[in-house]
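A, B, C, D, E and F label the chains in the order they appear, each numbered from 1.
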Amino acid sequence: MEPDKYLLTIVSESILEDRMIDEIRELGANGYTVTDARGWGKHGKRRGKWQQDSNIQIQVVGSRELCEAICARLKDQYQADFGLLLLISPVEVKN
Amino acid sequence: MAFEPVVLFFLLGVIAGLAKSDLKIPTAVYEALSVYLLLAIGITGGVKLAESTLLPLILPGLAILLVGCLIPLICYPVLQYFGGLKRADSASLAAHYGSVSVVTFSVAVAFLAQAGLDYEGHMVVFLVLLEIPALVVGILLARAGMAGKTRWGKTLREVFFGKSIFLLIGGLIIGFAAGPDHIGPLEPLFFDLFKGLLAFFLLEMGLVAAAKIADFRYYGKFLIGFAIVMPVFSAVLGVFLGWGLGLSLGGTLLLATLYASASYIAAPAAMRIAVPEANPALSIGASLGVTFPFNIFVGVPLYFWMADLLYSMGG
Amino acid sequence: MAFEPVVLFFLLGVIAGLAKSDLKIPTAVYEALSVYLLLAIGITGGVKLAESTLLPLILPGLAILLVGCLIPLICYPVLQYFGGLKRADSASLAAHYGSVSVVTFSVAVAFLAQAGLDYEGHMVVFLVLLEIPALVVGILLARAGMAGKTRWGKTLREVFFGKSIFLLIGGLIIGFAAGPDHIGPLEPLFFDLFKGLLAFFLLEMGLVAAAKIADFRYYGKFLIGFAIVMPVFSAVLGVFLGWGLGLSLGGTLLLATLYASASYIAAPAAMRIAVPEANPALSIGASLGVTFPFNIFVGVPLYFWMADLLYSMGG
Amino acid sequence: MEPDKYLLTIVSESILEDRMIDEIRELGANGYTVTDARGWGKHGKRRGKWQQDSNIQIQVVGSRELCEAICARLKDQYQADFGLLLLISPVEVKN
Amino acid sequence: MEPDKYLLTIVSESILEDRMIDEIRELGANGYTVTDARGWGKHGKRRGKWQQDSNIQIQVVGSRELCEAICARLKDQYQADFGLLLLISPVEVKN
Amino acid sequence: MAFEPVVLFFLLGVIAGLAKSDLKIPTAVYEALSVYLLLAIGITGGVKLAESTLLPLILPGLAILLVGCLIPLICYPVLQYFGGLKRADSASLAAHYGSVSVVTFSVAVAFLAQAGLDYEGHMVVFLVLLEIPALVVGILLARAGMAGKTRWGKTLREVFFGKSIFLLIGGLIIGFAAGPDHIGPLEPLFFDLFKGLLAFFLLEMGLVAAAKIADFRYYGKFLIGFAIVMPVFSAVLGVFLGWGLGLSLGGTLLLATLYASASYIAAPAAMRIAVPEANPALSIGASLGVTFPFNIFVGVPLYFWMADLLYSMGG
């Protein structure tokens, strides 16, 4: 029951999965969860039909600083050329 | 002329996609079938290679590669100056059109089988070899005169261990190692089912391509024209080169098809990593939405007709 | 009597499902196999059609369709007045039982192959045709006398471009276009593997049906009775009609099976769109949980026995 | 870093995916993310075995008004006959 | 538009799906949603390649008490031997 | 010595995995293929059983089972006292090594086919039977002297209705019921494609195993040694027992392979339920990361060489 944890939700392109995860671990996260997704945004429709055309959703639970640091890094690296959505919301971790 | 029913499956898929049918082929099956096709093509080539001698292939091989490097070098200025496309987009498209499409190649192989013609087994080796230089040329074109932040390491690994090249080479080696003597038990899967599973795969490709075909008005006249004229031009190069090198009629058709085809698996993956600022919708749209259907419906028979003409005149 | 091992796979699946085994067949594979079965049935029929003449089929075809429209019209009042079901549910169930099941048809085809009997190729055409009128009748029944908010446009597109009808028709056309001459390379996949993949599919259907079979006590006695008596009644119609039209014994079995079978792919999808207020659990439960197992284990041999009896008496 | 964004999470039946997405775009969303799901609720168990029996989860990030408008529309259109769950929670968009 | 609802998000191993769902229903939830996931945490990398190596994400919307009760039960039963993450956050239910 | 190309597919998968290729075989296809292999092995065994008499198998069967129970009882103290592993981990590993691997068995069957040797059909029955006692022994070892909270009910259901045992037994019964007379239409899928689909599955297994192989330095020298020495020791038991029981050379190879192989499907699932406090990374790492590759590349040919030697010496 730690206080002040945040949930960072990243939606981006499937081909970036391994790279993003390396960066997330590098920045000190102690866990992450990935699910497959599809969607539509500024970079057009991503139908999820094949890897080139699919999204992933990565969730990381951690401190405010960690979440901000990950956002800053991913924004800097990928925002210009890849589909990207970054969301933060507070959560209670119960274990 | 040989009629090849597998292309009808592509048409069926396109119609389903355009009509927003609820027909869906799950991604998992699409991916498994693409692994299968790459392996099967590789193994078939490997077995054929095991029966032939490699040494006399080196010189013609070099010629084929050289022309393969030429194609993106021709595409690039055309796209940049006539099409007015950005540097990165021109380079990426050049790489796509210099590279090759395994499924288009497979359709041409099926076409030859239907027509009862044989071909040189080492064409599959060229299928593998031709994937690579075009990608490298494309990246160099995109990066020329830029602050050198090219991730060559990542990109080359992407190319060689990207599934297309990796499975083709892996299949070649396995087919070569097994040879005609030990391949027997693998034949029912990798040879007998090839046509049927290609048909199934084309159905799925039709569904995927439908979305690109529907976006077609956004591509602009120039890009559509390019996506049709460029393949024919490349095929002409291939027909003359094949004939010049003394390939069989079947081998020449395959060479022309290789040159004419545009990648939509290996190149998109490699370009997304190496030239991320290029717009992938443009290159996949052109290669999958225009060139691929053009090639399988019109191109392959046309290239065959051209080759046949040359062989009957020149031969 | 012919023993057909494929139905054992269904049983295996049901047992696994009821015993909560961790055996799972991924959705993706289930969907790919259903695409395969629809295409294979369509192609087989198309090839057979290419060998026969179509004109003399028009009149018997009309008779077959007419009886096909009759079945939901009989189901509806039975369900509403005897079963006390709501209008929408009665109409939806009527559409399910008027429509047909491709897998039940396939089991009957396998049964005939095991018994060494041939059948008319155009039975597959009726398979396609019979899917449609029952759905339309069902929707009309549900909507009759209601504020006309029927989404006919969407519904008809759902029916014709729904994957069942679309793939059956597509397969028919491809098979017809290829004909016996060009179908050769597709045979290993679409003909030789048919039985095996049907067995695999039945395993999956068993897993899915297990959940419906387990819910069985909630359906009520009337619905269970209906799901068994109605198919037999429809099959009797089919046996007499087939015999009257001079079909072969095999053709008559298939016609009886078509009438007796209840849809669980096309009809649920179409009804969910057109008559959303009907409870889908009711109609899928009855057709997949009761009628389908009844038909493949008891129905098909029973209908064969009935047809055989009539032919040996009347023939 | 726009203020006052909300995350709308919709869980409903897979066959409604295309229809709901059309309505979401019509109402002015500038993106959405879809994942496949299964579940159980008032409309019974949805095992995710085939399309008829599967759920989808659609997420839309947008203004309060957009989220409310989508909820109102979907509730009106689908609540009576289809499985439906509509959730709203505040999020920070970091890009 | 009921007040004071919470979203409980559970990430755990796929083989526990049936067991956890039984417990969740037993404790009185009136619905749940499951999606497939992969991830990494204290129990190592779970690549999602096969069932033994996959995660699931279970979401339950309910009262504070329900969410706490589920957390307590799952923590007690599975925390020691299985990968487990339990998160709670407030949501508005719009239907 | 027979060269079996299917193992090259495993190698290809391992290389792709280690090189972080983007080659991925979707989970759905992996799972469908494992269902296929279990069913195909079961059906093949069942058809062979239908041709043989069962009574004379009871005594040798008991001997084979007895030695099968002995293996985990030997593993356990070795792991606990020499390896210093915890009770739960020792017991879980003992269960894994006492149990068997269907894919290793399949590779040995493919090896025999390549070598042109036959084997006793009832070996498949032993494949099924040997899965079970080792798991029970493993659970008993873990629970001995503990507050008895063993969930025997759940565990036994997990074992018998776990997909491995369930599909093997189901396949056996279907194959037995169909017999050589009715199995014909299922042959293209379950017999002809077996080798090819096994190759495809091995490619996927290579991808999965790569991760375990990469973790290999963390296992410690003892565990790696155990994962290589124990199989050879068990195989020696199998070779002598098979010879003593008068099995054919092929049958003896299969028995040795069964003893030598370690489970990575049934055992992990059962142990995770019954002995959750054991660390699954340890046992899957050893069985999939070390023993499985060792067995298919070195073990099977080695055990064949040992058996051949004994048979040529011992007459």
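The working rule: a contact is a pair of C-beta atoms (placed from the backbone, for glycine too) under 8 Å apart; a residue touches a chain by one contact, two chains touch by 3 or more.
Everything numeric here is computed off the predicted structure, so don't read it as measured data.
Counting steps between touching chains, the shortest path from subunit C to subunit F takes 1. Judged by contacting C-beta pairs, the busier of the interfaces E-F and B-F is B-F.
With respect to subunit C, maximal separation of chain centres occurs for A (centres as means of Cα atoms). Under half of the residue numbers at the subunit A-subunit D interface are used by both copies of the sequence.
Subunit B and subunit E have centres, each the mean of its CA atoms, that are 46 Å apart. Chain centres here are Cα averages; for subunit D and subunit E they lie 20 Å apart.
Averaging Cα coordinates per chain places subunit B and subunit D 40 Å apart. Subunit C and subunit D have CA centres that are 34 Å apart.
Looking at subunit F, one finds that residues 20, 22, 24, 26-29, 31, 188, 193, 269 touch two or more other chains.
Across the assembly, subunit E contributes 15, 35-36, 48, 51, 89 as residues in contact with two or more other chains.
Interface of subunit D with subunit A (complex): residues 7, 21, 25, 30-36, 61, 89-95. Remark: subunit A residues 13, 15, 44-45, 47-54, 80-82 touch subunit B in the complex. By the touch criterion stated above, subunit B contacts subunit A in their complex at residues 27, 30-31, 207-208, 211, 268-269, 272-273, 276-277, 280-281, 284.
Residues of subunit C touching subunit F in their complex: 3-6, 8-9, 12, 15-16, 19-29, 110, 113-114, 188, 192-193, 195-197, 199-200, 203. Those residues of subunit E that touch subunit A in the complex are listed here as 9, 11, 35-42, 48, 55, 57, 68, 71, 75, 79, 84-89.
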